[in-house]
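By letter and in written order, the chains are A, B, C and D; residue numbering begins at 1 in each of them.
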Amino acid sequence: MKERNSYQHSRKLLCDLLRGFYDKGWVAGTGGGICTVVKKNEVLMAPTGVHKECVLPQDLFVVDDQTSRVLRSPQNPSLRLTECNTIFCLLIREKDAGAVMHSHALSAVLAGDLGSRADCVVFESLEMLKGLRDCSNFDKHSVPVIENTAYEPELVSQIEKAIRQPDFDSSYCILVRDHGAYIWGSDLWETKRHAEVYHFLFEATTARSKRQLA
Amino acid sequence: MKERNSYQHSRKLLCDLLRGFYDKGWVAGTGGGICTVVKKNEVLMAPTGVHKECVLPQDLFVVDDQTSRVLRSPQNPSLRLTECNTIFCLLIREKDAGAVMHSHALSAVLAGDLGSRADCVVFESLEMLKGLRDCSNFDKHSVPVIENTAYEPELVSQIEKAIRQPDFDSSYCILVRDHGAYIWGSDLWETKRHAEVYHFLFEATTARSKRQLA
Amino acid sequence: MKERNSYQHSRKLLCDLLRGFYDKGWVAGTGGGICTVVKKNEVLMAPTGVHKECVLPQDLFVVDDQTSRVLRSPQNPSLRLTECNTIFCLLIREKDAGAVMHSHALSAVLAGDLGSRADCVVFESLEMLKGLRDCSNFDKHSVPVIENTAYEPELVSQIEKAIRQPDFDSSYCILVRDHGAYIWGSDLWETKRHAEVYHFLFEATTARSKRQLA
Amino acid sequence: MKERNSYQHSRKLLCDLLRGFYDKGWVAGTGGGICTVVKKNEVLMAPTGVHKECVLPQDLFVVDDQTSRVLRSPQNPSLRLTECNTIFCLLIREKDAGAVMHSHALSAVLAGDLGSRADCVVFESLEMLKGLRDCSNFDKHSVPVIENTAYEPELVSQIEKAIRQPDFDSSYCILVRDHGAYIWGSDLWETKRHAEVYHFLFEATTARSKRQLA
């Protein structure tokens, strides 16, 4: 297995960011996940069903994003590929994502609740919007909210539909009701930035919504 | 005292997890606790009345879960066996738990409040439910809420009654009103996962409940 | 300056706990403080006006609790004795405290608000009460709330009055409205335990109070 | 580049504090910033558009606060000067600030909301006010709230107007609606103290406001 240095760097960075996400409460209870493109048609993916803060560089799968097939498995035979695999590959192919993170944050669930009578949540009047690529702080930024399903692969058709809607062209996030969010960027670092921005938007909008209800 | 390597590993892991629980605010003020089965009829238990983030591998008691009697005490004579002893042993015997944690988290107390007119709380419409063994995200997951008592051993009869109710067959948690929760799994790692999932359920359900009240 | 090993130990422990309090948000903005008795009539006190997470063992004052006079100052001449000095000495003399911490936590301020039409707050129906020395979880535990003053030494007369009231005999805490709390114990470790318990009581009681208001 | 030791010290301290701000959630998503005067007309500034917890001592710009022009750029050519540059220099010149931090904290946004029908927020009845230079805990402390703009340099004219108002003479903070806050002090340490105090004031006042609404 001759991998270049950049591979090793990506493997380590992916694990470091995942640990950071755990510390923020976004991937508790073995939930959530992350992947990054390392070269054409090769995607590193964290395994499923493991404590995300404990994932090591050698625990990652290499997947072909065109076929969603595993190219290389980690040596540890107990590790299983994430159920997010097909969703991750879809976002890489269709949205040109260089990395995707999947959040199980409570703030994502509560933000999804805000769209209870619609299929989207609109974030506005927040400087933090500028932290999203090509987004202005005066934009009304729409994020789709899709319905949860019993199995993650069943989310694919809703995601395909959502990302084709022009309203969501400039969104780097899909909220899944009762579940969490998929957030992506051009690489791991932009994905981290987008993740921090979106979780801020979730919290801010939920806090303002509560004030209006009170 | 010839203990195998796996013993040492379990002692260290138990202390590491306990420190993690402290960092999350689940075992503050010397409250809460943890135990794990290490071999047939031998259970490692953290002592009571000590700052839980300071517990060391050599501070643990070894207890026989069939009799709840101490097999081996730590060398430090000031350490006392946890009052949860009989409850821990009961859950090991009756629910086949391989490890049990006892949480004093505020979120557990507030979740217990939700069941104020009933003897259970139902968690539903949350993906995080999948983090519980054999639980689906579309399940209505019932957790018993029992009344607090002056002394922890007095909780035993209520717990015996609760775990015999078919409604709670697939629950790995008992909420104790005004007090906290007992959460278990097949081993320390599953218990950690279940603990993270249940505390998420406590927080999410409390947050949603507040929204309805507002 | 021939100090015994136990002195050095107390100096280090005091600083370690103070750093832990900072991490919990109890002594932000250079606020709050801590002291501990090291031997008869000798009390170690952290300085005022400094970032509390940066206090070093050599930065502490040694004070005579009978006279509130400084016995030994730290070598660094820019360090000043805490304004809490007379309050700390009072609690050591009158309540037999072996250590006292002063919290500027938001939860202490919000708990003080709960007593807005009375001079005390009552904590009840919480297992965590057991974390207070000689307190049962079925007790109604009263903590005095005194009014804030322009200068900390001016709190002394109110504190003297409060600790003489039989209602507060078994309290290890005085809430100062709009300000924070003084919390003590027989030594640094009990004071830490009491601090964690009281802050839990503050948060729990505030959360339950909000629910009733909603 | 012959810089004195104090320069190196300031560079390191600035980065350490910035990492601390990140841990508190004040500069997430690459937002926020910090600068400090190192000698007459020389100001160290963190770059924009980077993850603030990753900024290194060699990544800082040196700017002339009289002209807002860059005196020395970091070697890494990808780093860009912060858009806050002209605001930072204005506060250094007009308010004699020795350091300024720019917060993107949610609590700053929610505090800005409190002034929704006015151009200021008043903080009062909080001991923590004493943590501000020359401020008493019985003062009513007014902080200006200005409107957000599309680009940060466009905030300058509003800030100029606000700091000329006598009402805000003793304020070390400007809230920017939907955006965050600028907070300053005589040096990095006072700025840190003021930042911790103001964020406490934001949280406390927001919490008390919610209680009144409920």
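Criterion: contacts are C-beta pairs under 8 Å (C-beta built on N, C-alpha and C of every residue); 3 or more make two chains touch, one makes a residue touch a chain.
Keep in mind the model is a prediction, meaning the values are calculated, not measured.
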item	value
Intersection of the contact lists for chain C and chain D	none
Interface composition of copies chain A and chain B: same or different, split at half	different
Identity of the chain that, by mean CA position, is farthest from chain A	C
Centroid spacing, where centroids are CA-atom means, of chain B and chain C in whole angstrom	31
Separation of chain B from chain D, taking each centre as the mean of its C-alpha atoms, in whole Å	44
Per-residue overlap in chain C, given as positions that touch at least 2 other chains	210, 214
Footprint of chain D on chain A - complex, ascending	125-128, 130-131, 136-138, 189, 192-194, 196-197, 199-200, 203-204, 207-208, 210-211, 214
Complex interface listing, chain C residues touching chain D	28-31, 51, 104, 106, 109-110, 113, 148, 150, 176, 178-180, 210, 213-214
